[in-house]
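Labels run A, B and C following the written order; every chain starts at residue 1.
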Amino acid sequence: MAVFEATGIHKRFGSSVVLEKIDLQFETGQISGIMGPNGAGKTTCFNVLTGRYKPDRGRIRFEDADITGLSPQQIAHRGISRSFQIMNLFDDSAVIENIMIALPQFYGDRKNIFRSAFDNEKLVGGAMAVLEQVGLSPKAWEPSKSLSYGDRRALEIGVALAANPRILFLDEPTQGLGANATLKLSNLINELRERYTIVIIEHDMNFLFDLADKISVIHWGQVIAEGSPFELRTNKWVQRSALGEVA
Amino acid sequence: MIQLLPHIFNGLTLGLLFALIALGFTLIVGVMEVINLAHGSLFALGAYFALTLIGVDPIADTAVGRWWLDQAIEIRYLTALVFAPLLAGLVGMILEICLRPTYGKAPLYGLLLTFGAALVIEEAIRVVWGSGEQYLQIPPAINGATIFLGTIFSKYKFFAAAFSALAVIGVWLFLEKTKYGAIIKAGAHDSEMVRALGYDLTKLRLFVFGFGAALAGLAGIIMVPIWGLRPHVGIDVVIPAFLIIALGGVGSFEGAIVASLLVGLAVGITGAYASAWSMMSMYILLILVLGFRARGLFGKASALEN
Amino acid sequence: MITLSDISPQSRNRVNPQLLTAAVLIFSAPVWLPAIGLYQYIGLEIAIWIIYAMGFNLLFGYTGLHSFGHGAYLGVGAYAFGLFQHNIAVNLLGGLLAAVAAAAIAGFLVALFLSHRRGLYYALLTIAFGQVFWFSAIKLRWLTGGEDGLLNIPRPPIELPGLSIDLNDNVTLYYLVAVILLAALFLLWRLDHSPFGRVLQAIRQNEMRTRFAGYDVWRFKVSAFTISAMFAGLAGGLFAMAQQSAYPDVMAVHQSGLIVMMVLVGGGLVNFWGPVYGVIIYYIARDFLGGITETWLLWYGLMFVIMVMYRPEGVAGMLHMVKGRFVKPSKLKQLGV
């Protein structure tokens, strides 16, 4: 049974229906991809799954518990972590601080009003370990606003990883990246696949076809096709839709 | 109920006056997303300019001064009513130029800058016109009292309310029915469109700020015969204007008008039962409304929330 | 532009040299104040206002919540202190605790209303609540004494076992305030750099991200407001002692605006010590400029306007840049200055 399951998700903004009826399942240990043309409702779907918007209808289950309509922080506590398409870093802070604040140990220490956060070796060490994973440890003490675009992407993923999630949602991770940076990112995600269940929203299909175990295609607010990258390459629906030229 | 009628009438009149005060404020907030805390000071400044234009204090003893003072009060008053707001508008334009470095930064900086400007203008008024209470002369035709609904009302209040209503309608027509109004409404939200229409955004902002300041000045001239003229009348006035905008919803013209009337009614009716607390009612009204409706009565999402 | 995290270093040393310097300066003030042409009472006032401004900056600079009605909590503290002395007991500790508690309750209740709001609407509601407190202080004559305020508030002595220290002398009172100020500075320094303080700074930078990192932002906003109201209340209690009265004027929107100006001019947006500079500059300007010209507030206002236009990082930011220019140009480049 799928670890994360959304059934019959319906979402409208005012009079415009963005998600008609979405059903999705993500399996433990796999990389699942969501793709679709611009305006198909990918990002809205993502925001509903991660708790930023509440769905108008439908249920979302994670690890046998109903998480429909929970607040972002409650969803985060269940072990669901996400990155953002428009990079959402703490720009005033050093790179390491961005990671630190997302650590579960830091959360456990959040009511501590007296001991300096940087005096705590566990916090610093934990943050450095995450930075190691995303290849940013040499830049730990730099202000995050001085990072290159690709490094900011990596940091964005690092912040999501820091929460030690059981499932990781990545929103358009290749957005705005050049070919080199995309390759680096692809390698990074490949390294992460052993430890995490990952869901990626992406419009760069080659990127997804290389990485994902299973891909769901969203169009007109519905899942119009689903399957392994191989199956999708041969699917008529996908070929006929705007995505076809890649297959 | 019958006893309440004069208070309701009083409240609606007050509401119209509030609407006049809020007019320039809402225009600047809506178009430029700047909270102009100096609005009240421009209001005061307009009234002080009118004071000088009517009484010509500095040159009262010269030949020109004596000639001017010999003219009928109606002529002098009308002259002030036209030119004093224009002068306030000029000051507003200077303020807009000072604001330019804050564009593109957090809205906090615009707020802080205009707060500082309010302080500066108020102190400048003290230097030029002194700290005492002053009286703005008005033509006898709109002075005196009249009986209405069995209560004595000042004629001037009628005039002020009618003038406010006309000003509100005039500005509304300007915004809705003219080409310039359409451009102003597109304003800061759609700078692309403004450019596409061949207008310079810099000039548009300058003009809108000047226009908003002139409306503030105009409101000042109309209001001070009722509220009195002192240097800190600006602060007394900007807070209600501020509340009205928040109550109506930032950027909504209709919201500001409805909110003005609501605030006027609240103040008027509270005045009937607990006159000492009448001004407090508007704060309570705001807290209640914003407690349940985050963006006021008619508000839309705005960059000012960040 | 410079920001808070650029200047406030990721300090690891427990005994902070800046705090030590501050301690030396604070405790020696009664010695050197007359030497530079000032009088003892101004030291008292500055020390009290620094407590207020530092607590305020936890909310304004660190959490990024722009309160424009903070004078209310200073006033509540002052009234609570006075009412305690008049109606309950002439007692120093009791009075100060009452001041802090009253401000905490007032701040907490207001924060419950405020904390779902952001940006402009937040600022607006703080003004509205500030006005409600100010108006109540004027109108509830039986409680607050109306526009005149509470008069003849005593300065209760410090009661220690076998020792009673009279505080009617301004210098003695100054030493009491100095001890409290130093404790407040130390507490706030630790608070700002603690995990709790880091979460507050995260909220300033990116409220949504903080939420997705699992933090209940609303609670943190309520806490920050309440804590900062408590410091205002403490300052209010001390101010009531210094003035031997409590009056509504400190709650007016004008006064609440002045504290914002002080914090910004000093550089509270970029540095822990910013509010300290800001308060000192304001009082020195008031006394020196005020001695020369009646219109000193005009010049102070002009300086403020120019600062918002060109140097919103305030005095602390400018000091930092001057220092950077002489010390480490490479570090400066890194900061994008």
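Following the convention adopted for this analysis, a contact is a pair of C-beta atoms (placed from the backbone, for glycine too) under 8 Å apart; a residue touches a chain by one contact, two chains touch by 3 or more.
Bear in mind that the values here come from a model prediction, so they are computed numbers and not experimental data.
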Farthest chain relative to subunit C (centres taken as mean CA coordinates): A
Chain whose averaged C-alpha position falls nearest the assembly-wide average: C
Centroid spacing, where centroids are CA-atom means, of subunit B and subunit C in whole angstrom: 33
Separation of mean Cα positions, subunit B and subunit A [Å, integer]: 50
Subunit A-subunit C separation of Cα centroids, rounded to whole Å: 41
List of subunit C residues in touch with subunit B within their complex: 66, 113, 116-121, 123-125, 127-129, 131-132, 135-136, 139, 253-254, 257, 260-261, 264, 295, 297-298, 300-302, 304-305, 308-310, 312
Subunit A - residues contacting subunit C, complex: 50, 52, 71-73, 76-77, 81-82, 84, 88-94, 97, 100-102, 106-107, 109-120, 123, 141-143, 145-146, 159, 163
Subunit B residues within the subunit C interface of the complex: 35, 98, 101-102, 105, 107-109, 111-113, 115-117, 119-120, 123-124, 126-127, 232, 235, 239, 242-243, 246, 250, 276-277, 279-280, 283-284, 286-287, 290-291, 294-295, 302, 304-306
Of subunit C, residues touching subunit A in the complex: 3-6, 10-12, 14, 190-191, 193-199, 201-202, 204-206, 208-217, 334-336
